[in-house]
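For reference, the structure is listed below as C-alpha cells.
To keep things simple, chains are lettered A, B, C and D as they appear, and every chain counts its residues starting from 1.
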Amino acid sequence: MAGSTFGTIFLISTWGESHGKAIGVVIDGCPAGLALDESDIQPFLNRRKPGQSVYSTPRKEDDVVEILSGIFEGRTTGTPISMIVYNKTQQSKDYSEIASYYRPGHADYTFDAKYGFRDYRGGGRSSGRETIARVAAGAVAIKILNQLGITFTTYTRSIGDIEIDPARFDVEEIFNNKLYMPDAEAAIRAGNYVIEMTKEHDSVGGQIESIIKGLPAGIGDTVFEKLDANLAKAAMSIGAVKAVEIGDGIAASRLSGSINNDGFQIKDGSISKRSNHAGGILGGMSDGSDIILRTSFKATPSILKNQLTVNKNNTEIEVSIKGRHDPIIVPRAVVVVESMAAITVLDALLLNMTATMEGIARFYS
Amino acid sequence: MAGSTFGTIFLISTWGESHGKAIGVVIDGCPAGLALDESDIQPFLNRRKPGQSVYSTPRKEDDVVEILSGIFEGRTTGTPISMIVYNKTQQSKDYSEIASYYRPGHADYTFDAKYGFRDYRGGGRSSGRETIARVAAGAVAIKILNQLGITFTTYTRSIGDIEIDPARFDVEEIFNNKLYMPDAEAAIRAGNYVIEMTKEHDSVGGQIESIIKGLPAGIGDTVFEKLDANLAKAAMSIGAVKAVEIGDGIAASRLSGSINNDGFQIKDGSISKRSNHAGGILGGMSDGSDIILRTSFKATPSILKNQLTVNKNNTEIEVSIKGRHDPIIVPRAVVVVESMAAITVLDALLLNMTATMEGIARFYS
Amino acid sequence: MAGSTFGTIFLISTWGESHGKAIGVVIDGCPAGLALDESDIQPFLNRRKPGQSVYSTPRKEDDVVEILSGIFEGRTTGTPISMIVYNKTQQSKDYSEIASYYRPGHADYTFDAKYGFRDYRGGGRSSGRETIARVAAGAVAIKILNQLGITFTTYTRSIGDIEIDPARFDVEEIFNNKLYMPDAEAAIRAGNYVIEMTKEHDSVGGQIESIIKGLPAGIGDTVFEKLDANLAKAAMSIGAVKAVEIGDGIAASRLSGSINNDGFQIKDGSISKRSNHAGGILGGMSDGSDIILRTSFKATPSILKNQLTVNKNNTEIEVSIKGRHDPIIVPRAVVVVESMAAITVLDALLLNMTATMEGIARFYS
Amino acid sequence: MAGSTFGTIFLISTWGESHGKAIGVVIDGCPAGLALDESDIQPFLNRRKPGQSVYSTPRKEDDVVEILSGIFEGRTTGTPISMIVYNKTQQSKDYSEIASYYRPGHADYTFDAKYGFRDYRGGGRSSGRETIARVAAGAVAIKILNQLGITFTTYTRSIGDIEIDPARFDVEEIFNNKLYMPDAEAAIRAGNYVIEMTKEHDSVGGQIESIIKGLPAGIGDTVFEKLDANLAKAAMSIGAVKAVEIGDGIAASRLSGSINNDGFQIKDGSISKRSNHAGGILGGMSDGSDIILRTSFKATPSILKNQLTVNKNNTEIEVSIKGRHDPIIVPRAVVVVESMAAITVLDALLLNMTATMEGIARFYS
C-alpha cells in the first residue's frame, strides 16, 4: 500500500528513514520554466534544522539538499525533480534498548502491529526527519506560488497555555525569536515555560497558524476536494498533529449564525467580506479573503521523565527516554506546516485551470 | 477537475443537486458477496431526514433510495453499486431573488467566482442534500465493517456552549432525543437553546463525536495516508465543518508530554494503552484503542435575521433568508460524519491487506 | 477494488449490468459552461444500437439517455453529470442453462474464479451493453473537443481478411454502409462474408481505425502517461479487443529506421512531418500530425456452432449458444472506440494546461 | 502534470535524465518482509546494459544500483524503497548541434512544443536510460511474484522480418545468444541482418514476447482496469513501442469465432482451456492459462544515414545522427518489457485481495 505520495498534478513522493542513508523527495508534475536551484530550497530546510536554540535538540544535523534531476540550464524542465539530503551525522549508537520496548506516544507499537517488525533506529520512517522531504517540496511550491502573488505567513500561535496576543501581533517579530512567535512578550514567557518543563524532564505542545494571502476566489472544489478538506489532510498528516481548524475553527461551533456569517461588502470597487470567521473558504472554495489554517501539536512524546510501558516480552516496565530530543517540536514544525499548505494550495490552483470551458478555450486559443 | 470522487479501493462517486432530478452515488470497489438491499440503506437515510423534530426544518423530504446495479440474487457482485434518491418534493418556487445576491456564509459567491454562474436553486450542489449520497455509501461501508466486528457510535457532543457531561454519558440515550445527545439533561438544555435562537431568527452550531470500536491495530499509514489524515479530510469535506480533532485534539497542545502520553500495559494477556489521549491513532496507524473523532460545525448560515451583503449588481443590500431552514444542522449531520468515517476506515482496512509479504502469501496460499 | 473509473481530470465512473435496471455513467470533472442536453448524446448511442442491420443482432434495444444532474439552464455547471439509460427490453427468459456452464471466449469462468459467483443474465457487467456508458461520456468529450477544433473520424478498417483499400478511401462512405467502412466495395464484400459466416453459425472479427485531427503538438507526457500508452489502455479496455496499434503499429517493427522515421519539413511557414508512420505521437506526445489508432477485435464469442466446454459440475459438455447475438461486433464498436479515444485525449489536453510556468502565469494573469 | 508515476498499490515514481546526475525510482507500497538487497536488482540492470555485444552501442555504462531506503536488516520495511543509479560515464561533449535541430523519430520536437525548451543532452528524459528505473522496480516486483509462484519468460520474437520458428522454440537458448531469441537459427540470421543494416548506417526494429506463468485465474478487472488494458498501457509506455497484442492479437481479428474461442476442458481434475488464442485473459481477468503479451518496437530512430529535417531557425536541413547508438534496441528492451509486465501484474494481484467479502473476512479472522 502506497502512503508516501501526495497530490494530483503537483505530485510528491517522499522516502527515507531517520537513520538510513538519506531522505528524499521526487516532485512529479512541477511546471517547466521555473528558475530553480538548491539555494531556493536550503533556506527552508534551515528553518527546520535542529540545534538552533535552547528550545530544540542540541543535535547537529547538517541537512544539505542536492537536486538530482529535472533542472536544465537553471530551469525546471517539466520532468521529475529528485532531491536528496544525506543523513550524515547519525551515530552508530546502540538501539537495542529502544528496540526492546514500546515508547508511549510513538509509532513503535503500531509499526510492529502492522508490519511485524520495524526500523527502530531513531524512529525510522516515523521520525521527524521525514519532514525534510516535505519542506524541500514545499519550498518549490512556495516559489511557484510567490510568482503568482500568493504568499504564506506561518508562526507559532501558542505554546502550552501561552498564546500570542492579537493586540501585539507583529509579523516582523516572527523571525526575531527562536520560537517563531509574532509577539515578543509571549515568546519570552513561552521560552521560559519550555525551559522550565525541560528541567522537569517533560515536554510541551502548541499551535501553529498559517495565513495565506493572495489566493484568488474559487480555488478548491465543492464536495470531497474542498480546499479546507485537503488542507486538513495535509496538516493532519504531519506527525504529532491532533487538530486542524479553518478560520474560527472550534469557536465557530459556539457562535450563532448571525455572528459567524461574514457579510459581503463592496470595497475599492470589488466584492469582499466584512469579516473572516470563515478563514477564507466558503463551500470548499477560496473566497478571496486570507486563508487561515490552525494546527495543534501534541507535546514531544520522548521525555526523560519515567513512564510506564511494556517491552516485547510482554512485561510491564518503567522507562526514561534518553537522547537529545526537542522539548517542543512546534517551532521547527512551522516551516513544515507552511510547506504542506503550499503543496496543497498549488495543486488546487493547477486543478482549477480546467474548471470552465471559457478558461480552456482561452488557454488553447 | 474531478471533485466528487473519494477513496482508493472502496471508491465513491457522488452526484446531484438540491433541486435537480435526483441525488446519487456509485460505489466502485465494493467487495462481492455482501448481502445487500435497500433496507440496509434506508434507515441511515432516515436518520438524516429533515422534518423529524422542532430542531430541523419542517420541510418534508421523502428520501427513498433505490439500488440500480451491482446486486444479484441479494448479494453484491463486485461490480459498481449505483444508488439513486429522486428529489420528489422540490417546489418550483421563485429563486430569482436568491439568484440575485450572495448569501453570507454560503457558497454562492465562491461558485460564481469559480464557474461564472451557478445553480442557485436551493444551494445546488452545495446543498446539504448532497450528503444523501454519502450516507447511502456509508451505510454499505458500515454493514461491511460491522461484519468484521468494527462498530460506530456517533452523537452530538455540544450545541453552542452546551456540552454533554461525561459523567452522564449514556449511549442508550443517543436515539432517545432528537438532538442525538448521549446525555438527557444536556439534550433538554440544548433543545431549549435551539428554540430560543430560532425565535431570535438566528441559528446554532455544535460538535459531533464518533467512537470507532474494534478496529485492529496497524490500520492506516505512516506518512501522508495516515488514518487520522484521511479522517480529517473526510470530516472536513462535509459542508459547515470548521475543525477536526483526534482524541484530545486541541487540548493535547496544552498538555505536557508526561500527561498526554498514553503508557502501555498488559491487560488480559495482551498489550493495550492505559489511557487514550491519542484517540486510538499513533503515527498514523490505529493502536487498538477506540478511535475518537470530533468534528465542529458552524451555525446554519441561512437565517431570517437581517444581514448585510451585496447583490450581483455590486450593490450593498440587507437580506433576510426566508424558507424552511434547519436552525441547527448538527443532529442531522451525525449520520453524515459516521458515514464518512466508515468509508475512510473501510478503505484503510482494505488497503492494509497488502502491507506484508506474509499476509499476501497467506492470502494466495 | 475499483475498476469502473477512468481518467484523472475528466473522470468517468460507469455502472450497470446487461439485465439490471439500468446502465449509467457519472462524469466528474466536466468543465462548466458547455451547452449540453440529451440531444448531444443520443445520436452517439444510436450509432451503437443493435438491430440496425442484418449484420447485427435483431434485438431491439431502445436506449434512451436521460441526464440527471450537472446541467443548469442548458449548460454544464462543473458538477458531476449523471446519465442513465434504462434497460427496457430485457426478457425474463430462463438463464438456468447458461448459468450452468462456461461459455468459451466469455468472462463466465474468470468471473466465477474471481468472485465465486456471477450475474449470468446476458453477460452481466461483461456484456457489451456496458459500453453504453462509455459512449454517453464520449459524446460529451467529443463535443468539448470539437469546440476546440479537434475532430474524430472512426471506421471499420477490416472484417476478417477483407481490408479497406486506401486508394478507395472515402470518408463520406463511412455512414453510407452499415459496416461503417470508408470503402464501398470492401463494405459489400465484407457484408457478404459476414452473412456467409452467420449461415455457418459462426462469427467474425475485424479492425477499427480512428483518425484524430487538430490536436496541437505537445499533448501527452514523456514516461508513463504517454498519450499512446493511455490510448492503448483505453482501447484495450473495450471488450473483445486483442491488439492496439499506433500509426504503422506492428508494421513499424519490420521497417528500417531510415524508412520509418518521419522527416520534418517547413510547410506553409510552420513545421510538420513529411510522412506519418508514427501515427502522430513522438515520445508520448502529439506531434501535430493526425493521431492514428488501430484496434483489433476478436470474433463475437457467442456462436450457434457447437463448442466443447465444461459445466459447473466439472463435466465436459458440448454447447450451442442460442439467442440473438451479433455475428460481428465491429460496426457497433466503432463509436465505442471513438468515445474512449476522445475521453483519453480530452483528459490529456486538460492535464497539459499545467505543463509550464508561462501557461499558468498567463492563465492567472 | 505528473507523468512519471505508475501503479495503485505498488506505486513507482521514476526520475532522471540521460545526462543528469543520476536515474532513480521510488517504490511506494512494496510489502514489508521481503528479503532484498542490491544483488536482487543488479542482474536485471545488467540485462539492459549496453556494450555487451556487437548488436548494441559500444558505449560502456556502468549502471550500479544503490538502495537508499526502505530496507532494515535485509528486509523491506513497508516504507518507500528509493533506488539510485549514478550516471557515471556521460561525456561533456558538445551538444550544440543536436540542440539546433529536431531529430526525426525522436521527442525533440514534441518536447519543445510542450515545454518551450528541452534538455537536449542525449535525449534528456526521453532517453532509453529512463528505463533503468523501470527495471530496478521490476526486479523487485519479479522477486515478489516469484515467491508467489508466478514466473516470467521474455524474449525477442522477431527482428525485422526474421521471426522465431515455434518448432525450434527453446527457452534455454534465450540467454545463449545476445539477441535473447529462443531459436538459435533465427538468432544467427537476425544477427547477420542487424550487422548488415548497421553497415548501411540504418537501424532495425522487432518484437518482444512475454509469457507469464502461474498467475491464478480471476486477476484483473471487468471494465477499465482489465489486466490486458493495464498491460497494454505498461508496454506502450516504453519508448519506441508502436503496438501491443494479447494472445493471438491482430491475428484474432481474422479468425472466426469457432476457431478463436478456447474451449474449456477438465484436465488433472480441474478446469483449463484446450487452447490459448486468448493469451490467458478473458473479460479482462486472467483465466489460469499463460498470459501472452507481444510488443512491437520501431527501429532505433538515431541513424548515421542522412535524413531530412528542420532546425530551430525553421530551415530544412539534412542531418546524420552521429554517436554510438544501438542499431536495434529490442534485445536490451526485453528486460524492460518484463519489468513493466511484472509491475502491472503485481499491482493487479494486490488489488485482487479486496475483491470478496469472503477473502476479507478470512484475512482479518
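Rule of thumb we're sticking to: a residue touches a chain if its C-beta (ideal position, glycine included) is under 8 Å from a C-beta of that chain, and two chains touch if they have at least 3 such contacts.
Computed from a prediction, not measured in an experiment: that's the story for all the values here.
Asks: So which chain is the furthest away from subunit B, centre to centre on CA atoms?
Replies: Result for the farthest chain: D.
Asks: If you tally contacting C-beta pairs, which comes out ahead, B-C or A-B? Let me know.
Replies: A-B
Asks: Rounded to a whole Å, what is the gap between the Cα centroids of subunit A and subunit B?
Replies: Subunit A and subunit B have C-alpha centres separated by 26 Å.
Asks: Find the geometric centre of each of subunit B and subunit D from their Cα atoms only, then give the gap between the two centres in Å, rounded to an integer.
Replies: So the centre of subunit B lies 45 Å away from the centre of subunit D.
Asks: Report the inter-chain centroid distance for subunit B and subunit C in whole angstrom, where each centroid is the mean of the CA atoms.
Replies: 38
Asks: Do you know which subunit D residues sit against two or more other chains?
Replies: Each of 1-5, 8-9, 14, 29, 32-33, 78-79, 114-116, 125, 216, 222, 351, 354-356, 358 in subunit D touches at least two other chains.
Asks: Under the definition above, what is the set of subunit A residues touching subunit B in their complex?
Replies: Subunit A reaches subunit B through residues 1-6, 14, 102, 104-107, 109-111, 113-116, 125-126, 130, 158, 160-161, 197, 202-207, 216-226, 228-237, 239, 241-250, 252-258, 260-266, 269-271, 274, 277-279, 282-288, 296-303, 305, 307-310, 314-316, 351-352, 354-356, 358.
Asks: Which subunit A residues qualify as touching subunit D in the complex?
Replies: 1-5, 7-11, 13-17, 20-24, 26, 28-29, 32-33, 66, 68-70, 72, 75, 77-82, 84, 114-119, 121, 124-125
Asks: Which of the residues in subunit B come into contact with subunit D in the complex?
Replies: For this pair, the touching residues of subunit B are 8-9, 29, 31-34, 76, 78-79, 144, 147-148, 216, 222, 349-351, 353-364.
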